[in-house]
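What follows is a set of structures for review.
In what comes next, chain A is part of two complexes: it sits with chain B in the first one and with chain C in the second one.
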Partner chain A sequence: MAEIELRNLSKAWDASVAVDGIDLTLADGEFAAILGPSGCGKSTTLFMLSGVYTPTGGEIRFDGAVVNDVEPRDRNVGIVFQSYALYPNMSVLQNILFPLRFKQVDDADKRAREMAELVQITPLLDRRPSQLSGGQQQRVALARALVKRPNLLLLDEPLSNLDATLRLTMRAEIRRIVTELGVTTILVTHDQLEATTMADRVICMNAGRIEQTGSAEDLYLRPDTLFVAGFIGSPPMNLLAVDPSAAGLRLDVDGPVTLGLRPELLRAAETGVPATVSHVEPMGRETLYTAQSELGQVRFLEPTARPNWAFGDMLKLAFDPADTLLFAPDGQRVPDAHATWKDLAHA
Partner chain B sequence: MRTTPRTRAVSDTALFLGPAIVLLAIFFVAPILVNIVVAFTDMSQTLDFKDFPTTKQFNKLGKLDDEALLGIELRRSFYKALMLTLVFVVLTLGIFNLTFALILGLTTTALPDRMGAFFRAVWLLPRMSPSVVYALLWLWVVDSTERGLFNQILMAVGFEPMNLRLDHPMAVIVVANGLIGASLGMIIFTSAIRSIPEHLFHAARADGAGPFSIIRHVILPALRWPISYITIYQALALLVSFEYIFLIMGPARSTMTMAMLSYTKTLAPQIGGGQYAYGAAIAMILIVIGILVALAMWRLTNMKALLQRPRIEVR
Partner chain C sequence: MTHSTTDWDALAHRARWQRQARTAAITLFLVAVSIPIILPYFWMVMIAFTARTGGAEADTLWTACAVLVPITIGYAVAYQMLSGRARLAAAGLALALAIALLFVFLGDALHVNNFRFLVNPNVVEELRGKATAGAQFPWVWSAFFNSLVLATVQMLIVVAVSTMAAYYLSRFHFMGRAAFLQSLLILQAFPAITLVIPIFLIVYWVGLLNTLTAPILVITTLELPFFIFIMKGFFDAVPWDTEMSALTDGATRRQAFRMVVLPQVTTGMIAIGVFAFIKGWEEYVFVTGLRTGNSYWVMSTYLYYVREDVMGVDYGLVAAVSVMYVLPSLILYLFAQKYLTQMTLGGVKG
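Let's turn to the complex of A and B:
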């Protein structure tokens, strides 16, 4: 277990910058998720933490000590890869024992079996990886990463190769095992549900930088940037480029801004922004509508399985001004600034 | 005429497999059959024969004296050829075609891409140049006078010049064959190493493995099939190879392997050739040895499993 600190950490290959000066501190035993789209630098960050890549700038500290130039084998980091990366020529037990070969451990076999017990693969110890299902391989990979009692556990998209049901089970399972061992853990994923359900804290990355760090709720309700607002949530937040001089709209700020409003916070009402339904998507528990409004194209969600509106219906969309977010042209949210619609003030 | 599915299937099979079967029959099976027939005759340079079938040629093989070669008495030239072939194949295969090829594969894949490709291309150059040019270069390298490259190096570091062709003939042909033969293994091993998923290397490093542990536990297991393939293929190729031996050493007794012996007995008239039946008998024994070696390695390396289904476990 260790406290992990990244200071102005960067990684560049020739002209392309993968990670662009990030700062981050993880408390001992914390479970954090790095969330971001493909190519945002999250896996590069992970590989720098594991020692596979050497940073081109900044510092990585484990419990205060800089480890930039420390070989992977001396960092005591466990890593689970997206593809599990099990050694195909070794049995499950040999795979789990592999990291202990390079350490002076007396009870290696006992430890490996205990770890197999923890991840519930004891009956499979003699099998080869090719004889295992995806979920079983993932458990072996987890056992192999944990058997050396790492300071830091890194999970690189560990669930993306599993089917939906298994993913649900493994999410809880990984969380259980990690909590039981109390190891500092970083999960890298592009799946926001995975990040928000498993981690204590979510770090949202984009284009090599950290956009926002916080709880799942912070990122969903109070995104700091336009990127986070658009990336977190499904269906995504309505992001409308609005002109402050537009009739009907009143803004707390001057100048052109982007108005952000979650689809579930818009509702059909007596007064509000006039709109015409252009698309209806029944999603099971709820229905998603797309409408052309005076503010532009918006999506809104109603919690009914049967659609209340059909293509071409005209309606008015109301919202609570406190739910609106305003983003300046540089993409940053303007704190405590909201928008309202002329009718709503009277409503 | 309407065709039934059955006749259609037969004609399709004939259409697709026919050309390959005909080629195999003409260029592989027929020569072997002709060779076997000739081995049991007393055919000479004039291509006619009086006896058939006769085991005369095989009886000659074990004879103490064989005065055919330039009239010089060669004692047990056949058994000597068997031993020389064994030494030649085992050393060339073991040192160069496998070990050195593996080292080339490992080092050129560890280098940056362009540099690795450059060095591989350099190792392929002798394969691209005519054998005569390659042999000539070797003759210059091992020249017994002070002009020889090897001797120049020896003298530069304070040693006496050597006559390698006379004193270490086997070493000369093993090295000359090996350096050119290693490039095949290098290419096969390189592509096999390249096909190992990168995350396995990352995992091994994170697990604490150093470079040698990675070679031992990640790379070598993945090269099991390529190594088996190169072993079988190169062993068979070396058994019958005589081109460089002949070009560099000539019909020297010190490097008279089976293939060389068969060649000199038949196709080198100025040095006692023209004994077609005798040469065919030696060639037939080479064929039998080749088949036995192939079968043994087939069993030893479980090659059958390789040919049955894909053995690459990619995730």
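Let's turn to the complex of A and C:
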């Protein structure tokens, strides 16, 4: 268990920069998630933490000590891959024992069995990885990563290969096990649900940089940048390039801006922005509509399983202007700036 | 809309009939083309056990074929329909039936006299007279032993070197890697026989002429590119994840290779080992090409010289030596069959 610190960490390949100077501090025992689209540098960061890649700039510190040049085997880091990466030539027990073979451990067998107990795979210890289901392999990989009591646990898209129901259970399971052991954990994922449900803190990355760090709520309600606004939330936030004079809105800032509004904050009402429904998507618990309006193309959600509107329906969309977010042309959110109606007729 | 008048039953009947006819035609064709390939082996075995005074009786051979061909086809059919232990039982039954029928039809003609070379070191001298052979012709076991050494040593070198080279090519990016891979394949384009003279000169200059070391090194060198390429396919198929996992679990690169990667490519190592062994076992060009006298004998040269006789060839003896020559590689193939068929799975990924 350790406090992890990244300072201006970078990794460049011949032609491209994968990670572009990121700063991050993780408290001992914290569970953080690095969230971002594929190619954003999150896996590269993970491999630098594990020691497989050497950083080309900046520092990685474990409890204050720089570990940039420390070999992976000496870092005491546990890692779980998306593919689980179990050793096919070994039994489950041998897999879990593997990390202890390189350490002077007297009670290796006992520790491995305790760990198997914790992740609930004791009946499977004699099997081969190929005889296990995805969820079981996941548990074995977790036990193997944790058995050496690592300073840091790295989870690389651990749930992506599981089916939806199993993913739900494993999310809670991993959280339970990690909390029980109190190990500092970094989860890398492109799935925002995974990140927000499991981690204390979410680090949103894009193009090698950290866009925003915060709680799930921070990222959802107060995205710092256009990228975060568009990436977090499903269906995504409506991001509208508004011409203030045309739309009947008054903005707190001058100049061209992008207006952000979550689909669930729009509702059909007596008064509002006129719109025509162009697409209807029933999603089970709710229905998602796409409509063409004066503000541009917008999506809005209604909490009914059965669609209230059909293609071509005309309606008026209302929203509370205080819920709107404004983003400057450089992609940064303008803090505490909102839109207001020019005349009260709309409200 | 008019009702369809399609007779679905008739169409299904026709499709079934066509499928069966096609399968039967293909099977017949395959059986027909395999006969010219399999017959020589039958004959080789039959000549070895029946030929007397240097000649083989055509009647005997055709009788043997009449017995063996139906049994073989019958076994092939049984093999398709049975599985597991039943297949083994069928093989035993077919073998017993073949031997029994051969005894019934050819009882008088069968004998093992042609195999006397196995126990008599001077069989060739007796055949040709001491004067012609010059007492230089070895006992077959010495040639057998040399072949075994040649094939085994060369197999061990091939497996060790190609495994390590292929791992490096698969996992490390170094300058000239692509060019190296391409040149591996280009090397295969040259027929080995065109190299005999230059290689002879090199071997002469380094003083390895007339030693078994020379063919071992030369054959190994010529085979390596191909086997490296095959092994690279196997390493490419081992996920990078397991190796990274081993490194973070505390293994050194070498330990990760030995404990995690190598066990996943054993199939490939066995496969190339078998092929390398058989290559060495059957080698003729470089074992004859790199000796100037009778400095060493291997099975291929032994077989070649057994055939040379001033008074005409003793076909019985030649066939018997051939049977002995074929057996080791045949046995090896049978045991390694499972691995050899997997070779393409690893290999095609290049």
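Going forward, the second predicted complex is superposed on the first by the 338 of 347 C-alpha atoms of A that agree within 3 Å, B and C clash if a C-alpha of one lies under 4 Å from a C-alpha of the other, contacts with A are read in each partner's own complex, and residues count from 1 in each chain.
Throughout what follows, contacts are C-beta pairs under 8 Å (C-beta built on N, C-alpha and C of every residue); 3 or more make two chains touch, one makes a residue touch a chain.
All values reported here derive from a predicted model rather than from experimental measurement.
Trainee: Could you classify chain B and chain C on chain A, in the superposed arrangement, as clash or fit?
Mentor: clash
Trainee: By the touch definition at the top of the document, which applies to A:H279: first (chain B), second (chain C), both, or neither?
Mentor: Neither: A:H279 stays clear of chain B and chain C.
Trainee: Considering only the touch criterion stated at the top, classify A:V52 as touching first (chain B), second (chain C), both, or neither.
Mentor: After superposing on A, A:V52 lies in contact with both chain B and chain C.
Trainee: Figure out whether A:K342 sits in contact with chain B (first) or chain C (second), or with both, or with neither.
Mentor: neither
Trainee: After superposition on the shared chain, which partner residues are touched by A:P99: those of chain B (first), chain C (second), both, or neither?
Mentor: Touch partners of A:P99: chain B and chain C.
Trainee: Going by the contact rule set out at the top, does A:K110 touch chain B (first), chain C (second), both, or neither?
Mentor: neither
Trainee: Pick one for A:P88: touches chain B only (first), chain C only (second), both, or neither.
Mentor: The answer is both, since A:P88 touches chain B and chain C.
Trainee: Of the two partner chains, chain B (first) and chain C (second), which one does A:R176 touch, if any: first, second, both, or neither?
Mentor: So A:R176 meets neither chain B nor chain C here.
Trainee: Just which bits of chain A does chain B share with chain C as contact spots?
Mentor: In the superposed arrangement, which is not itself an observed complex, chain A uses residues 47, 50-52, 72-73, 77-79, 81-83, 85-89, 98-99, 101-103, 144, 148 for both chain B and chain C.
Trainee: Where on chain B does chain A make contact in their complex?
Mentor: 197, 199-200, 202-210, 213, 217-218, 221-222, 224, 313, 315
Trainee: Flag every residue of chain A that touches chain C in the complex, lowest number first.
Mentor: 47, 50-52, 71-73, 75, 77-79, 81-83, 85-89, 98-99, 101-103, 144, 148
Trainee: Using the touch definition up top, name the residues of chain C that touch chain A in the complex.
Mentor: Residues 239, 241-242, 244-252, 255, 259-260, 263-264.
Trainee: Please output the residues of chain A touching chain B within their complex, sorted ascending.
Mentor: Touch residues, chain A against chain B: 47, 50-52, 72-73, 77-79, 81-90, 98-99, 101-103, 129-130, 137, 144, 148.
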